[in-house]
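Chain lettering (A, B and C) follows the sequence in which the chains are written, and residue indices restart at 1 in each chain.
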Amino acid sequence: MFTALEVSQTLRKIRRQNPLIHNITNMVVTQFTANILLALGASPAMVNAEEEVEEFVQIAKALVINLGTINAPQAKAMQLASRTAHDHHIPWVLDPVGVGACTYRSRVAVELLANHPTTIRGNASEILALYALYTQQASHHSGHGVDSKDQPEQALEAAKKLALSCHAIVSISGKTDYITDGHQVIEIHNSHIMMTKVTGSGCSATAITAACLAVETDALAASAHAMALIGTAGDIAMQNTKGPGSLQIALLDALYLLNEDQLISQTNIKLQ
Amino acid sequence: MFTALEVSQTLRKIRRQNPLIHNITNMVVTQFTANILLALGASPAMVNAEEEVEEFVQIAKALVINLGTINAPQAKAMQLASRTAHDHHIPWVLDPVGVGACTYRSRVAVELLANHPTTIRGNASEILALYALYTQQASHHSGHGVDSKDQPEQALEAAKKLALSCHAIVSISGKTDYITDGHQVIEIHNSHIMMTKVTGSGCSATAITAACLAVETDALAASAHAMALIGTAGDIAMQNTKGPGSLQIALLDALYLLNEDQLISQTNIKLQ
Amino acid sequence: MFTALEVSQTLRKIRRQNPLIHNITNMVVTQFTANILLALGASPAMVNAEEEVEEFVQIAKALVINLGTINAPQAKAMQLASRTAHDHHIPWVLDPVGVGACTYRSRVAVELLANHPTTIRGNASEILALYALYTQQASHHSGHGVDSKDQPEQALEAAKKLALSCHAIVSISGKTDYITDGHQVIEIHNSHIMMTKVTGSGCSATAITAACLAVETDALAASAHAMALIGTAGDIAMQNTKGPGSLQIALLDALYLLNEDQLISQTNIKLQ
């Protein structure tokens, strides 16, 4: 399940099936996320009014919930959409942006866990904070907004325990990405440090995770394939990049042009 | 009215008059739409609070209403702004994004028709859905979010009838664009398929339609010229493009640099 | 305080300290602003719910308040965040986008002045309008949305008086930028006219001002250094630019790569 060839098969399925991905996400990354999903071969939609999310999510193949710029109306829509997704067996991904930095979003994140996300994807600081909040340990305050101050390795044990407690896949992004169901751990050694200088690169990984879950029923494999896809596209994009401006453009082009040969030669994915 | 030379004259008027275009649009495309209008030579503003839209629209030369990410406060602002626009003879364009996919936005779209849009611009699925809703036929559910699953040709008859019923121009974007007042039909054979891989390319067409309506009183001509402008700029942009990332950047550059020679040699516009 | 060398030292401090910048800004420029701050070396966050801004701003090193697309909930969050920033001696910057164009935002802007912005940064029309509103002169209506119709020179006297009345730095962007505390005036002669064709270039200047205030205690110097940084990066970016699309990308790359040699050879900053 964890080879570049299988990553390539998941990508082919996305391009063939063009799955509708419902995103309730933050206002910083809406455009970039939509463009990432289009470049990948999926069909994005950003419906987020409480009046329509329950109806809309039912025609979607997967749902993204991203807490980046939540407010009360959006939190309500997220609750409705994720509950409906769970009730209808539609996979959904939680991106707990900035969890631990503020009391409000920490509470919203923990409440959303009750709707059983298929995958939780965040940076190391977010996974550490979410696990601490979930187990009612003294809340972990990152004190630094939305960028991670911890290394992925430091969050791996918390990720495993969170995965087991929530019956979810947990996906930690960083220099090495770790994806776990609590038992198995997949490592991805792609993705350049400059990617952290493009806003929304983490949020894009989340959206791609949703697209993979839409076409691949093994959630651990789908979540790992997603990190392999963005990591490899990022590495290819870096070859034609002078700085973070040209990187975001090159990333969209690379994702659109990504093929099996590139994945086989450049994707570094392995079961731990 | 329907030659490349006249398209060029409309562009020249926009650049000279720098019309203020008021946009109440979705959160995915706000930045791209503003950049498209600036590149074209217009002056965009995105005011969308109910406290100020009535006052603001009166200093604008045209209004865009785009349903992409509506919620209740924005729907109220759209109602106020479009009514004021109509009362003050300010042209306005309705982009019924995703109409038919959800009950709420379908209802909002039909209610907005009461304020007499100058032009309705959408993809084939949206025009088919809006016509069905307007005539209270069984609602047409696209079942696929915001990307069109129908070809423009399939929507042409519905577009003509909708135009006649609403006394509006109806503009369908697709491989071929069709613009009709219910009697005459203009065809534009520009615009590359990769444009559908850039989010907001349809929304940009809507914003450009508003800019053309701001300077050209013949609404059918203005609406057709808009599709010719973005289609031709898109074709030029494609020449320097590797994927959808570089396409969106090249499109802004091409629009900014677009000149009469390019329009005359590359615009494919004709009266049916 | 007002040499290219000192601009370079401020940039170095930002890159070393990676200050968290809290932005409550408009929905057009959120992504671009975040990317500008990341390229500069700061850490942006866009938290804007009334439930969390007071808590979040206390871990930030500076705050941006930008009125571009305000509505009632956001105006409340702005009031709470800026009051907390003032109470905790956290520098904050007011960008009064479109002030004077609508009654509502004019009132909000004047109310925010009560929380003592460290710096007010706007275009000439906005500074003229804000000064007129603050002194309860007949309100200055620009009648043209958010793009300036006045030259910076015309706003300099108003800027000085506003600075003295509010005990704030006032920073006017334009062909020449003027930054004043009411006594001293700094001029920056960088920044190309095409920058006005990229949406959010003014808003980016505001965000960079906040990043400079986060690391440099002299507010006049910090505000001037910010305009020098974006102006110089803009000039460098123009060298590889065909239009406003490629300019916005080149600007991010140039800001990321900006070094002392470039600043010393290209920054045109002087005390008047």
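In this section, contacts are C-beta pairs under 8 Å (C-beta built on N, C-alpha and C of every residue); 3 or more make two chains touch, one makes a residue touch a chain.
The shown structure was predicted, so the numbers you read here are calculated from the model rather than taken from an experiment.
**Q** Quick check: superposing chain A onto chain C on C-alpha atoms, how many degrees is the rotation, to the nearest 5?
**A** 120
**Q** If you list every residue number at the chain A and chain B contact, are more than half found on both copies (same) or fewer than half (different)?
**A** different
**Q** At what distance in angstrom does the C-alpha mean of chain B lie from that of chain A?
**A** Each chain reduced to its C-alpha mean, chain A and chain B end up 33 Å apart.
**Q** Could you tell me which residues belong to chain B and also touch two or more other chains?
**A** 27, 31, 248-249
**Q** Taking the complex as given, what residues does chain B use to touch chain C?
**A** For chain B paired with chain C, touching residues are 18, 20, 22, 27, 30-31, 34-35, 38-39, 43-52, 55-56, 59-60, 73, 248-257.
**Q** Okay, in this complex, where on chain A does chain C touch?
**A** 26-32, 68-72, 98, 101-105, 143-147, 196-200, 242-246, 248-249
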